[in-house]
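Think of it as A, B and C in the order they're written, each chain with its own count starting at 1.
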Amino acid sequence: MADPRFFSLAGPFTLRELAAIAKAELGPGTDPQRLIIDVAPLETAGPQDISFIDNRRYVDTFRKSRAGACVVAPDLADKAPEGMALVITPQPYRGYALIAQAFHPEPAVIPGCHESAVIDPSARIGAGSRIGPGVVIGARVEIGRDCDIGPHTVIDDGVVIGDETKIGANAYLGYCLIGRRCRFHAGVRIGNRGFGFAMDPDGYVDVPQLGRVIVEDDVEIGANSTIDRGAGPDTVIGAGCKIDNLVQIGHNVRLGRGCVLVAQSGIAGSTKLDDFVVLAAQAGVAGHLTIGKGAQLAAKTGVMRDVPAGQAVAGAPAMPVRDFFRLVAIWQRQLKAKGKRDE
Amino acid sequence: MADPRFFSLAGPFTLRELAAIAKAELGPGTDPQRLIIDVAPLETAGPQDISFIDNRRYVDTFRKSRAGACVVAPDLADKAPEGMALVITPQPYRGYALIAQAFHPEPAVIPGCHESAVIDPSARIGAGSRIGPGVVIGARVEIGRDCDIGPHTVIDDGVVIGDETKIGANAYLGYCLIGRRCRFHAGVRIGNRGFGFAMDPDGYVDVPQLGRVIVEDDVEIGANSTIDRGAGPDTVIGAGCKIDNLVQIGHNVRLGRGCVLVAQSGIAGSTKLDDFVVLAAQAGVAGHLTIGKGAQLAAKTGVMRDVPAGQAVAGAPAMPVRDFFRLVAIWQRQLKAKGKRDE
Amino acid sequence: MADPRFFSLAGPFTLRELAAIAKAELGPGTDPQRLIIDVAPLETAGPQDISFIDNRRYVDTFRKSRAGACVVAPDLADKAPEGMALVITPQPYRGYALIAQAFHPEPAVIPGCHESAVIDPSARIGAGSRIGPGVVIGARVEIGRDCDIGPHTVIDDGVVIGDETKIGANAYLGYCLIGRRCRFHAGVRIGNRGFGFAMDPDGYVDVPQLGRVIVEDDVEIGANSTIDRGAGPDTVIGAGCKIDNLVQIGHNVRLGRGCVLVAQSGIAGSTKLDDFVVLAAQAGVAGHLTIGKGAQLAAKTGVMRDVPAGQAVAGAPAMPVRDFFRLVAIWQRQLKAKGKRDE
């Protein structure tokens, strides 16, 4: 059970309701009226909980689970322990997500501006929004309806934020236009000047960074991630992008829709990602490149050239992932041969 | 001498006292009543200072040092310059640490809540604790005795913090239970929602992150590091772990006791580290893996498979460190051979 | 045109004035009295704008640009479209930087301390400085003239900051002496205790970190970067260094003048960089090394040994960049050979 100090609980729901929520089917012989009171991991779920399995690695845990019900893909249904009710869908993780959202809805935003917030008189704040303690809101800022701005976050002059966007604590947003339903976590830094300067015998000369950051709707940005504003063009984060913690995005970068950037990955200036590109953790892409639609970069990949649409790459420098694993096999053979020679 | 603008100074101490503090022996012929007034690096120490040597790289500096005394391992004692008093221990770095703590004790926490702090009436704060300017403390928070909460740090609803824990400025803590004597540096982010979402034709579906972060006693977490809360299970940081700056720890990760995570390393979701695992800088571990007790990951290592207890690994993908250096030797030979062919 | 919500605009300027500002020559036949009203990227510039080209990759865009004028190197001047006025210099990026600074000067600092700032009575603040909302300034702090300290930034006891230095929001500075004309972006963490501890059967023993961070003049430090204070010696950042976002610098590191550290790079403790060293993104340098003047580390390089002055290195472990690309060519040949064998 989720710790009630941190999470509220809705429900209970019948299995019929949960199947509808998950867009799933009930397994044969299931009682649709059976009541479920919460979600829980397979290891700790009890007879009134619903769990899920999405990874064959956990089949043993599934077999031993005491969960009353489980969201499961059709091909794993026959591994279920006796008596477990099954909620069957080809996308069990999505199904579980929807069910967990039903049991644990986000707490409603309680509107109001904390008395310690510092708000420029020219700023406009939409109805239903909460402005936390110590928030600083600059001149001409526009914040939409039902937003939630966390404590000590600083919204610099001229920034525009769309409806229902939530921003965590201690963040900085400047020189940016933010869409609706975005969620930025604590310590995010958006709109600092890009890393642009020119050589000079007397020292580096700063290049004014005259672009903005445009964040489209439904974007999530993880804790302490940094997105620089454009140098002249804008930096653009497409709708629905998911950005994890400690990610760096340089000036003029353009992300298409639904890109996924896992923790500690980075993209250098002026590179363009088409829709649904995935960077796994600690991957990096050099500047001025184009990464095609749906390309996938394995963890720690270092990309120095354009990547075509749909290609999965790995290694530094990046190569097709199949080549990378063949190269690793070559290394292992060379090591074995050397081992024999050394004997 | 440490800059008195920043550090206070206790002492002086006799060499006899310092040897006791360091759990060490005095070298032959040393005057145990000789007074030492401070610690200092080998290069800058004078006749009233004590220094240390812990790395053969610095033997030349040791030989030329004017330090009055030095903490040293037995096997380097004969390299000491004439007249230098020796405090001999097989663990000179530990010995120096204890002596430096004696000369430069941490300043006492001056209790009290700054008038600008925003504290929910339901929160409880233990005796002797200091709550800095602008700190925000949510509902039902419990803070122990003799804690120190830095300016503008945000402690979200329900968080529990043990006695004598110190938290730097501008940090965020939510959805977590923190042990005693922990030290978190500025900008730490603990308890943000994990990076969990499911695919859907209409966009990603967020998976509610219903776990917590459990941080056991005596844990240090470096500046701007991020630890996500669990998705259902908890994220757990074992007692005595040392985590450096800009480290990322994903949801459901479990660290055993005394793990060391050097700067910019990262651990993906649901991976388990047994006790005393070391990740050097910029190392990364993929999700759902198990790293055995005392395993050591070299800098920049990329781990894709379980690592057995006690193994040292390097490279990406990771291999036993001895294999990695043999592979590097193979590459060097291949480069030399190619150089000859190219001539 | 730069978004007037975020950027003010000076000018217009004649081409003669702009050539003087850029230390450049006008192309043959150019009307020196022609007025230019703003800078703009090649793609979007109109007949009254000036743009620049600094990368052959964009020659096609240059050829099609409608920009009224362009800063260009002599060897690209003949690619200009008809009617475009040329401002010719061997360093077009520098020339553009100077022109863009003229059109978009930094807004003046409006002096004053916000009423919500918490300033120790023993602190001294120079004339013309702005202290933002919620700023916390500790005992004996000295801040120079014409500084700008962003909201919620914490300046700890004893820190000294030189004239005209600007610090973004939510930053932490402790145990440091900062030069003139520095610029630190939001979330910077300077002076936290270094990652120093010794082993002990009963747990790690913290080594007091008794040094400072010395930041010389004209240093830029990117968002959320971390610089630890020295363990005994100081950590030193030389004049004119440019440090990007999410960079980690360990205790006792010394950077010479004009070093460039690109995003997510890191330097382990006690390493010394001579002047003008460049670390590309995600590069890392192990501890206790020396990197010679003007050495260049490619992205993702992992340096385990000293690097001589002037050398360009790549790979992990690092090797001369030419060797690295030869090694990559060897791998590609081996992959091709294996592919043939597998057929």
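In this text, a contact is a pair of C-beta atoms (placed from the backbone, for glycine too) under 8 Å apart; a residue touches a chain by one contact, two chains touch by 3 or more.
Just so it is clear, the structure is predicted and the values come from calculations on it, not from any experiment.
So chain A and chain B: same face meeting same face, with over half the numbers shared, or different?
different
Give me the C-alpha superposition rotation for chain B onto chain C, in degrees, nearest 5.
Here the rotation carrying chain B onto chain C measures out at 120 degrees.
In whole angstrom, how far does the Cα centroid of chain A sit from the Cα centroid of chain B?
So the centroids are 28 Å from each other.
For chain A, write out the residues touching at least two other chains, lowest number first.
116, 134, 152, 170, 187, 224, 246, 264, 282, 300, 316
Taking the complex as given, what residues does chain C use to touch chain B?
116, 118, 134, 136, 140, 152, 154, 157-158, 170-172, 174-175, 187, 189, 192-193, 195-200, 203-208, 210-212, 224, 226, 228, 232-233, 246, 248, 250, 264, 266, 268, 282, 284, 286, 288, 300, 302, 304, 316-317, 319, 323, 326-327, 330
Mind listing the chain B positions that touch chain C in their complex?
Listed in rising order, the residues of chain B that touch chain C are 2-3, 5-7, 39-41, 43-44, 55, 57, 91, 93-94, 96-98, 100-101, 103-104, 114, 116, 132-134, 150-152, 168-170, 185-187, 218, 220, 222-224, 240, 242, 244-246, 258, 262-264, 281-282, 299-300, 316, 328, 331, 334-335, 338-339.
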